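Letters A, B, C and D mark the chains in the order given here, with residues in each chain numbered from 1 onward.
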Amino acid sequence: MSTATALSGVIPPVCTPLTPDFEVDTASLVRLIDHLLAGGVDGLFVLGSTSEVAFLPDTHRRVVLDTVVGHVAGQVPVLAGVIDMTTLRVLDHAATAVAAGVDGLVATAPFYTRTHPAEIELHFRTIAARTGLPLYAYDLPVSVHSKLPGDLLLGLAADGVLAGLKDSSGDEGGLRNVLLGRRDRPGAADFAVLTGSELTVDSALWMGADGVVPGLGNVDPHGYTRLYAAARAGDWPAARREQERLVRLFDLVAVGRARMGHGSSALGAFKAALHLLGVIAHPTTAVPQIPLDESEIAAVGTFLAAAELR
Amino acid sequence: MSTATALSGVIPPVCTPLTPDFEVDTASLVRLIDHLLAGGVDGLFVLGSTSEVAFLPDTHRRVVLDTVVGHVAGQVPVLAGVIDMTTLRVLDHAATAVAAGVDGLVATAPFYTRTHPAEIELHFRTIAARTGLPLYAYDLPVSVHSKLPGDLLLGLAADGVLAGLKDSSGDEGGLRNVLLGRRDRPGAADFAVLTGSELTVDSALWMGADGVVPGLGNVDPHGYTRLYAAARAGDWPAARREQERLVRLFDLVAVGRARMGHGSSALGAFKAALHLLGVIAHPTTAVPQIPLDESEIAAVGTFLAAAELR
Amino acid sequence: MSTATALSGVIPPVCTPLTPDFEVDTASLVRLIDHLLAGGVDGLFVLGSTSEVAFLPDTHRRVVLDTVVGHVAGQVPVLAGVIDMTTLRVLDHAATAVAAGVDGLVATAPFYTRTHPAEIELHFRTIAARTGLPLYAYDLPVSVHSKLPGDLLLGLAADGVLAGLKDSSGDEGGLRNVLLGRRDRPGAADFAVLTGSELTVDSALWMGADGVVPGLGNVDPHGYTRLYAAARAGDWPAARREQERLVRLFDLVAVGRARMGHGSSALGAFKAALHLLGVIAHPTTAVPQIPLDESEIAAVGTFLAAAELR
Amino acid sequence: MSTATALSGVIPPVCTPLTPDFEVDTASLVRLIDHLLAGGVDGLFVLGSTSEVAFLPDTHRRVVLDTVVGHVAGQVPVLAGVIDMTTLRVLDHAATAVAAGVDGLVATAPFYTRTHPAEIELHFRTIAARTGLPLYAYDLPVSVHSKLPGDLLLGLAADGVLAGLKDSSGDEGGLRNVLLGRRDRPGAADFAVLTGSELTVDSALWMGADGVVPGLGNVDPHGYTRLYAAARAGDWPAARREQERLVRLFDLVAVGRARMGHGSSALGAFKAALHLLGVIAHPTTAVPQIPLDESEIAAVGTFLAAAELR
């Protein structure tokens, strides 16, 4: 599966099903992949934030890569997150992902350290130079605590260092600057721009984005592929109707917020939904996340019913 | 080497000397350990932020642990940072550190994820339960982007979960609350409180802290051990004079700030100083940090001369 | 001029022309109003952030109100910012604005203080109860350092406390939640939602927003009114073309960033453009903002030429 | 009352007693001043954050100035906060304060706007040039969202622009840099450095600070004057004992935190304490702050009893 052409479409960040003792539940993972492929997705992004990559030890990461790459067998491109604090650690993850046979790598700016833009640039240049795969920058200020500057991204795009961007910054004005900038920069034309903002996908596609990486796509892949198809067909009102249904469904991420972190509530809700839908065997999220309780899981079920997914 | 009694004194976070191609320079590391032991330090903290732990791949971390534990051979306690995003990843590092024979573990709150205090608590409880070593909480909001609440620390201290705290938050009011709180809580009396704030060590000891983990102690261990000895002897004016000399020396951390991150400038300056002092073979810092240039290194030399270290 | 029907369309935040000694240049202000009315705007927002409200003493604020309300004479609604730290101070500004005859008031959450959501709610309820005018909430986290929660806004909308929202938060997902929420809440249907994000106006209108409050609209009101008209006519491709031209023009806000605050650079560029276009007599911004220098002003001219405004 | 010599000692930020309908309760204010003078304070700081300056309209500010300056009648210096967003607005407050006869002015960096250090410098230089009184910089990042750089402060001190600093940043390392820096800079020797951190006053005095501006000093002025006197007499253990008692008393600021902002809880607790002590007639805090309820007020009483103030 070549990714020489720019990546596009719906590429969900794949949840990582776990057993109650926090091992990777590979049988559930295979069912989840089938659920997503049946939903018509255009690619898969494993080991991203929605995959609980921050919670998975290296052995778990390896199991995920082998399971997914093996099961997908080239039907769609598989991108792998290589999320870690700085360059040398990222390169170790990249080596594992390359060996597993993925089609592209996704890296954030350094975190934990306070990093100068010149250092962020060197970070991406070093990763690209040492791995032979398309490299996607992952802009996620809520986790990384720095915002990738548009000029830096476009410069790295024009130089062929970056193959694309997953923008989860929520900064739609910045996204638009990148989308216009790539038209103007020789060499940046095939820089793939994907949004990670689940609530504004029609808008991002309207501005010129190539695709979307929606965490909620685990629960409702058909919704996002219908949205994407409508947009590509120029039927923007249909895209908007689908998006608005998904905006309302997305509220399930808040079911546990009174008792836990926002991330735990969202990841717990996605997994509870997949469990209720019969896709995965356990709704377990990794330690130290607080699990959803029965009433919170019931609330997730209500959202699924309202969205006519059950 | 037992740490059944509370840790105290000067416990520098040990820099990790690197070769120009970013391998651990074990010969330099051994010389650095000797330099610190000759300086009279009371313990060593490896794989902390000053050790560039965020930049070191797992194999490097292992080399550091084996080199230091082997060379120290029980002369002083060795604490090991087990710095990673969440619990299961930290437990992997902890297993390596335990196998290497360290005397205690140092862990931060989860980072990259947004974590609820109840999840931070579960994080520390899980680490303590799964390892048999004294566990120290590392409060470093500048990296972790959350502040450890005093009540949470004192509760974990009283329950025997935490053996101590390395407070690098810069919040001296919060530090004082913990210091008073441990007097009032049964079971927390032997909770060790160490400050990581190099500029206010006399003040922290005056408030009741047990010791200090000074990054600058790599460069001038004698300065910090003299400061600590003066404080223990009740000669506070001498402690202050020593502290004030060290405050002025500490300004070397800013030599590169115009061109790089604050962390890179500080770590680069510490290593340049150790190189100029003949302790380590190369001033190399790990990629993607910008290296100090000649004029910045010369500025470091001027600071050393002003402090009469050369 | 009644605003009983929800406000909509293009409502620029009006720059406040100053003389070189920082007095309000009322002749220039009148020309600017004529420039905007000739551009077809649907309303005017005075004493907002783009008006340098934070820099204007109370006497200047009063001059602005009297000048604009007098000159507009009911042709379009005039909204007035009542920007201050907390409730009683805001009420003083509101009394002045009411006396001047404005058509609506625009208030932020409290700032300088750290405020609980229940206190933000009481703040808006108190202002609405003590003034007889439509009240618009101004969501501007970059200045106020808190984000207005969607649920709070919708609750106040349903209760008739708030007439609308100016959303300058840049959080398009949150904006969409408010837009969908007002459909679902009885009583919130006529809650006016205006975006202050100049780069995504087509997208905000597409999602259902009623209008836009664009700082850049001072420089190019025709651009925004063409954009709005195209959107209302359902000619979204034309709206996008206009938006993209405006995105490129908006880059003028960065001409001074290397030497001054982002705000000073943007406000200085708007005023330099209005000066180059012959609308206002002086490009002066209020102390302590650094003025643009000649080369920066020339760069603004280049942007105007590229946008075919000169 | 001249302040030509550097200010020193205990200078509490004076609470502003209010009637239940939010007018200044001047009778209570006079009693509070007497309470503080009887406590032996060395000066008074009115219209600071603890005075609820952010909540007071200009007429209230004027009443406070006239009441306090008139009642104090030169017994101790009176400093006045001139807290507002930017320079011209601050100058209006300064003119009022000068007319009222205060002995010095206290100003923060600009807020609400995003301000460059060069603009902060121009801000202070403009205020100092236009008023004839000693000017004190107020470093309060929690409200102002920028930190005053030490170099900027020392440069303004050496140039005679600033008479001193009230440091409420909580950054004790930065405080120490300023304290050492003023020794090294010609012209900065009489720059007064006051800490606003109530929990580390002994430590700040130990480092060389000249005095303290403690909000808690409203409740227990004798505590702070005893602390200061002990430090000046070189009896540091007595200073520490007093400080530790005050640290425990300070916990009263948290009584309402579950239901309101941190500021409302602290200001409410100070006023509840003053009411319980019979100093002020009403515990009212300004709108939109949530008032303490009966159980929270009872908790304040328990703190007073524990500190042997009742």
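In this section, contacts are C-beta pairs under 8 Å (C-beta built on N, C-alpha and C of every residue); 3 or more make two chains touch, one makes a residue touch a chain.
All of these numbers come straight from a predicted model, not from anything done at the bench.
> Please flag the chain sitting at the greatest distance from chain B, going by CA centroids.
Greatest centre separation from chain B goes to chain C.
> Using the stated contact rule, I'd like to know whether A-B or B-D comes out ahead in C-beta pair count.
Per the contact counts, A-B leads.
> So how far apart, in whole Å, are chain B and chain C when each is placed at the average of its C-alpha atoms?
One centre to the other, that is 49 Å.
> Suppose each chain is reduced to the average of its Cα coordinates; what separation in Å results between chain B and chain D?
Spacing between the chain centres: roughly 35 Å.
> Could you please write down every pair of chains that are in touch?
Chain-chain contacts present: A-B, A-C, B-D, C-D.
> Applying the document's contact rule, which stretches of chain D touch chain C when the two form their complex?
Answer in residue numbers: 22, 54-58, 60, 83, 85-89, 91-92, 110-116, 118-120, 122-123, 126, 142-145, 259-264, 286-290.
> Touching chain B in the complex: which residues of chain D?
Chain D reaches chain B through residues 170-173, 176-177, 180, 197-200, 202-203, 206-207, 236, 240, 244, 247-248.
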